[in-house]
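Labels run A, B and C following the written order; every chain starts at residue 1.
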Amino acid sequence: MIEAEGITKSFGRVEAVRDVSFTQPAGSAVALWGSNGAGKTTLIRCLLGVMRCRGSARIGGVDVRSRGRQARALVGYVPQELAFHDDVRLGSAILFFGGLRRVDGARVSASLASVGLAGHERKRVRDLSGGMKQRLALAIALLADPPLIVLDEPTSNLDAAGRGEVVQTLRMLKDAGKTLLFASHRPDEVITLADRVLVLERGAVERDTTAAELWPTEKPVQVIRLHLSMASEAHAARVLREAGHAVHLNGQGLCVAVPRDQKAAPIHTLACSQIQVRDIEMLDDVDIPEGTP
Amino acid sequence: MSRCAYVSVCAVVLGCFPVGASRAGDPAKPMGEVEGLIAAADPGGTVVVPPGVYEGNLRITQPVILDGQGHAVLDGVGVGTVVEIRAPGVTVRGFTVRGTGENITVEPAAIRAIAGPVVIEDNTIEDALFGIDLRESPGSMVRNNLVHGKDLDPGRRGDGIRLWWSHGCVIEDNTVYGSRDLVFWYSENLRISRNRVSDSRYGLHFMYSHDTVLSGNDLARNSVGVYLMYSNRITLDGNTMRNNRGASGYGIGLKDCDDIVVANNALLANRVGVYLDNSPSSVGSTGLFESNTVVFNEIGLLATPITHDNVFTANILVENEEPAAAHGRGELTHNTFARDGVGNFWSDYAGFDRDGDGIGDLAYEPRSLFGAMLAREPNLRLFVHSPAQQAVEFTARALPELRPQATLVDPAPLVRPPNLKGSGAATTPLRTRAMAFGGLGLLLFAGATVGVFGRQAALGPAPRGDDR
Amino acid sequence: MTTINALAGERALPQARSFSGGTLAFARREFRDAVASRWFLLYTLAFTVLAVAVSFMSLSSVGTHGFAGFGRTTAGLLNLVMLIVPLMALTAGAGCIAGERERGTLLYLLAQPVSRTQVLLGKYVGLAAALVCSLCVGFGVSACVLAWRTGSVGFGAYAMLVCFTALLAMAMLSIGVLISVLSRRSSVATGVALFVWLTLVFLSDLGLMAGTLIFQLRVQEVFGLAILNPLQAFKMGVIVNMNASLDVLGPVGAYASQAFGDGLAFMLAATMLVWALVPLLAAVVLFARRGSA
């Protein structure tokens, strides 16, 4: 569904994306994992043809640069947060996007209903909660029933309940055979949805792996997020890895996968190295789907 | 191809020459027939010329009343003067006279009189280098003729009506267009009324001709409306000069003229309303401008720098791009702009009238920096009607040291225009209706665009409340 | 949520809408937004009030006598148009891309199956329609007032004034859009637009006046330089249509009338058309260079 070859994008001297190549078959779900500034968002924009870059990208066999319109017609895009004119009413906003995709009113209504927004047409975009906005973005992305859905950290502004809803919806889309490409900060989402994880670091694909490999789990594991001072994060990660923990640094604290019965172990390890932990967060139960490698 | 061209050339040639003959359906008759009729008549008797086209040149050497009754055509066939009156007491009435020569050095005319008095009335003159030419023909009457010059460059045309040393003549109700001038040389005590001159060079032109009254004439689209030169004691009353916009483009131009009275005239949309070139020129003489309406001219009143001793009172100067200006760096302050406490109405007067007597409490003193710049560099006129011009004037108002001297002082400006006596066509109701429909149309168009373009497709019925 | 499965069934791949269809969708949205916005209402109101005031003022002095001619009435209206319309169009154009970029809505729009050219052209058409609407309201009310008070301007000439003004608005809008594409922030775009307005309305004319005085430019030079300014072209065009000759503009105008004759009106209209098309074309090219088609 996606064929990317040598995608490179620089802003001035900084190379935000460096020579990224990958192929994503239809029906699969790929997660982009990486710290803030690793180039996830830029890569997505390049793939959608919103930004001009070197290299080539094809969506469903359609070249993004030369036939961007046709290529993007195959994509439903969900941003981190829906950005649209604040005082537009929800109904007219979605109708506008429907108009761009040759979608009729009945289909628009159905799409709204499918994300539980039926009856909110007269609300203005500025009055929507974060969750509703993301559901609206999803509804817009799904309007034309595209085969590929691209999401850029779709849950990062949502609370637990909102996240759950979005993840569940994505799960259903995946089951229905859609191709998913998403950037995420959250291991639980990655583990739940992704068949494959591309780990980005400083713009380049560092590892092409799976969630199971990233977070090996013979035993049931709990992913915890440790909040430390920024300065000590790198040091702490090294210490924890030396102690045999699976660690990931992704800009919002340190994610550590630990056996369920040893949740305090990383804190202890850090305490021994005089690294202070400010806060701990239990990430939602990670449900590793059966049959996923 | 060449045969085709030959045929069309023939057609043109045929079409050009014997126009009248073929149109009338009868063969043209020789002019000798008319001469025969005159010779057979008693001196001073009436000769009615039967309808028809008479070709050739006619000399009238005895008093006679020659009447074409509107159906006789005298055609010079492009040679010389068509009718020449060599005796006093001749009347030429009701003819179409056409086809003079074109050699301007011999000044061929449609009707020329070299003796007076004569009466020339109700004639139609076309295709004539000079129209009516009175040479030393005093006491004559030229009335209700229609004169159309030859279609030549203005520089090669002759005069529509010319008087030369012909005192005491009456020139009235004539219509002249596409000619050079209506010109009066060395002719005094004339009465020139209700003539219409358009699309010519000088509407009415005076050279060394004194003591005359011009009234009710309409001079439109000429290079200059009325141009008086070296002529004294002339009264212009109730004339209209409009759209005279030639190179000089004066409504009224006065050069070295003493004791001129200009009253109740309308000067509309000329390049310059009134132009004063050293008038009055003699010591002790004056010029009087009273109750004229000067509207829509680029310059209302323009004068050479030394112009003095003119009196302006009760004139209405409205919406002239520059109300008054002097050539170069001159000023008009040696003229008087109020008489007996009555000044003029200036539409750009910004003062006030606290006591309500109709006279502004502040003097009218135009000081336009842009006007001063224009006087230095005429090319700058390109920038009139633009915000940049306003900016220049604003700057001058804000920085008084930049303000030029006032070009004139009207100590008693009128705050309301006095009643007009000048002419001015009323707006037709048709135009008003077109305007109203147009305005409504524009509004409708705007509404329709909003309706069609801005239509918002509704998605489902509007919910009654927010409970869903 | 259950409907998603149904929605995600087997169907033909979604297609992008036709070029004109997508452009029109943007145009309509832009038009709706503009018409509903505060600046639009304010400008329309100001323009209408001033136009009516100018008509009234001029009529109160000579209206009752019904003299026709090119006086300060038309000049006043002309001055008003030359001040307000460029300001209106330039600022509207300057806001259209830079504003979306700043709000972050631009990227979301571009991720839809539309091309950058469509976005830009759509916005241009929508704004142009809104501006023409605004002008029609102002001129329409003013024409009604003129009619009611027995106007001295023929409707044909008035209609030409409206047409030329619309052309002026489009030229200025086109420059504004170019500024918008080149500016990163909408405040910068507005600032530049104001400067351009000042330049076109005042500075260039004042400069040319000074040049004419200092260098004693010949008429053809003055005319050639003046016509470069779309505002001067507009002014001359209106005067030509009312007067059939430019001789009210002194020797330079007389030269223009003589040299170009009946072609002058077309030449001036063509000049303005060039001003409407070239900056727009430049904006389209520059904007499209930043991403795919």
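Basically, a residue touches a chain if its C-beta (ideal position, glycine included) is under 8 Å from a C-beta of that chain, and two chains touch if they have at least 3 such contacts.
Every value quoted in this text rests on a predicted model; they were computed, and no experiment measured them.
Every chain gets a centre from its CA atoms, and the centre nearest the mean of all protein CA atoms is that of C.
Across the assembly, the chain pair joined by the most C-beta contact pairs is B-C. Between the Cα centres of subunit A and subunit C there is a gap of 44 Å. Subunit A and subunit B have Cα centroids lying 84 Å from one another. The geometric centre of subunit B is 40 Å away from that of subunit C, both derived from CA atoms. Touching of two or more other chains is recorded for residues 28 of subunit C.
Residue positions of subunit B touching 2 or more other chains, listed in rising order: 456.
Note for the complex: subunit B touches subunit C at residues 243, 245, 247, 249, 268-269, 271, 293, 295-296, 298, 318-321, 347, 373-374, 376-388, 390-392, 417, 420, 424-427, 431-443, 445-446, 449-450, 453-456. If you check the complex, the residues on subunit A that touch subunit C are 45, 48-52, 60, 64-75, 77, 79, 82-85, 88, 96-97, 99-102, 110-111, 113-116, 142, 144-147, 168-169, 172-173, 175-178.
Put simply, subunit C touches subunit B in their complex at residues 27-28, 31-32, 35, 58, 61-62, 65-75, 78-79, 82-83, 126, 129, 132-134, 136-137, 139-148, 150-155, 158-159, 162, 201-202, 205-206, 208-209, 212-213, 216-217, 219, 222-223, 226, 231-232, 235, 239, 245, 247-254. The touching residues of subunit C, when paired with subunit A in their complex, are 1, 3-5, 7-9, 11, 13-17, 21-22, 25, 28-29, 33, 103-105, 107-108, 110-115, 118, 289-293.
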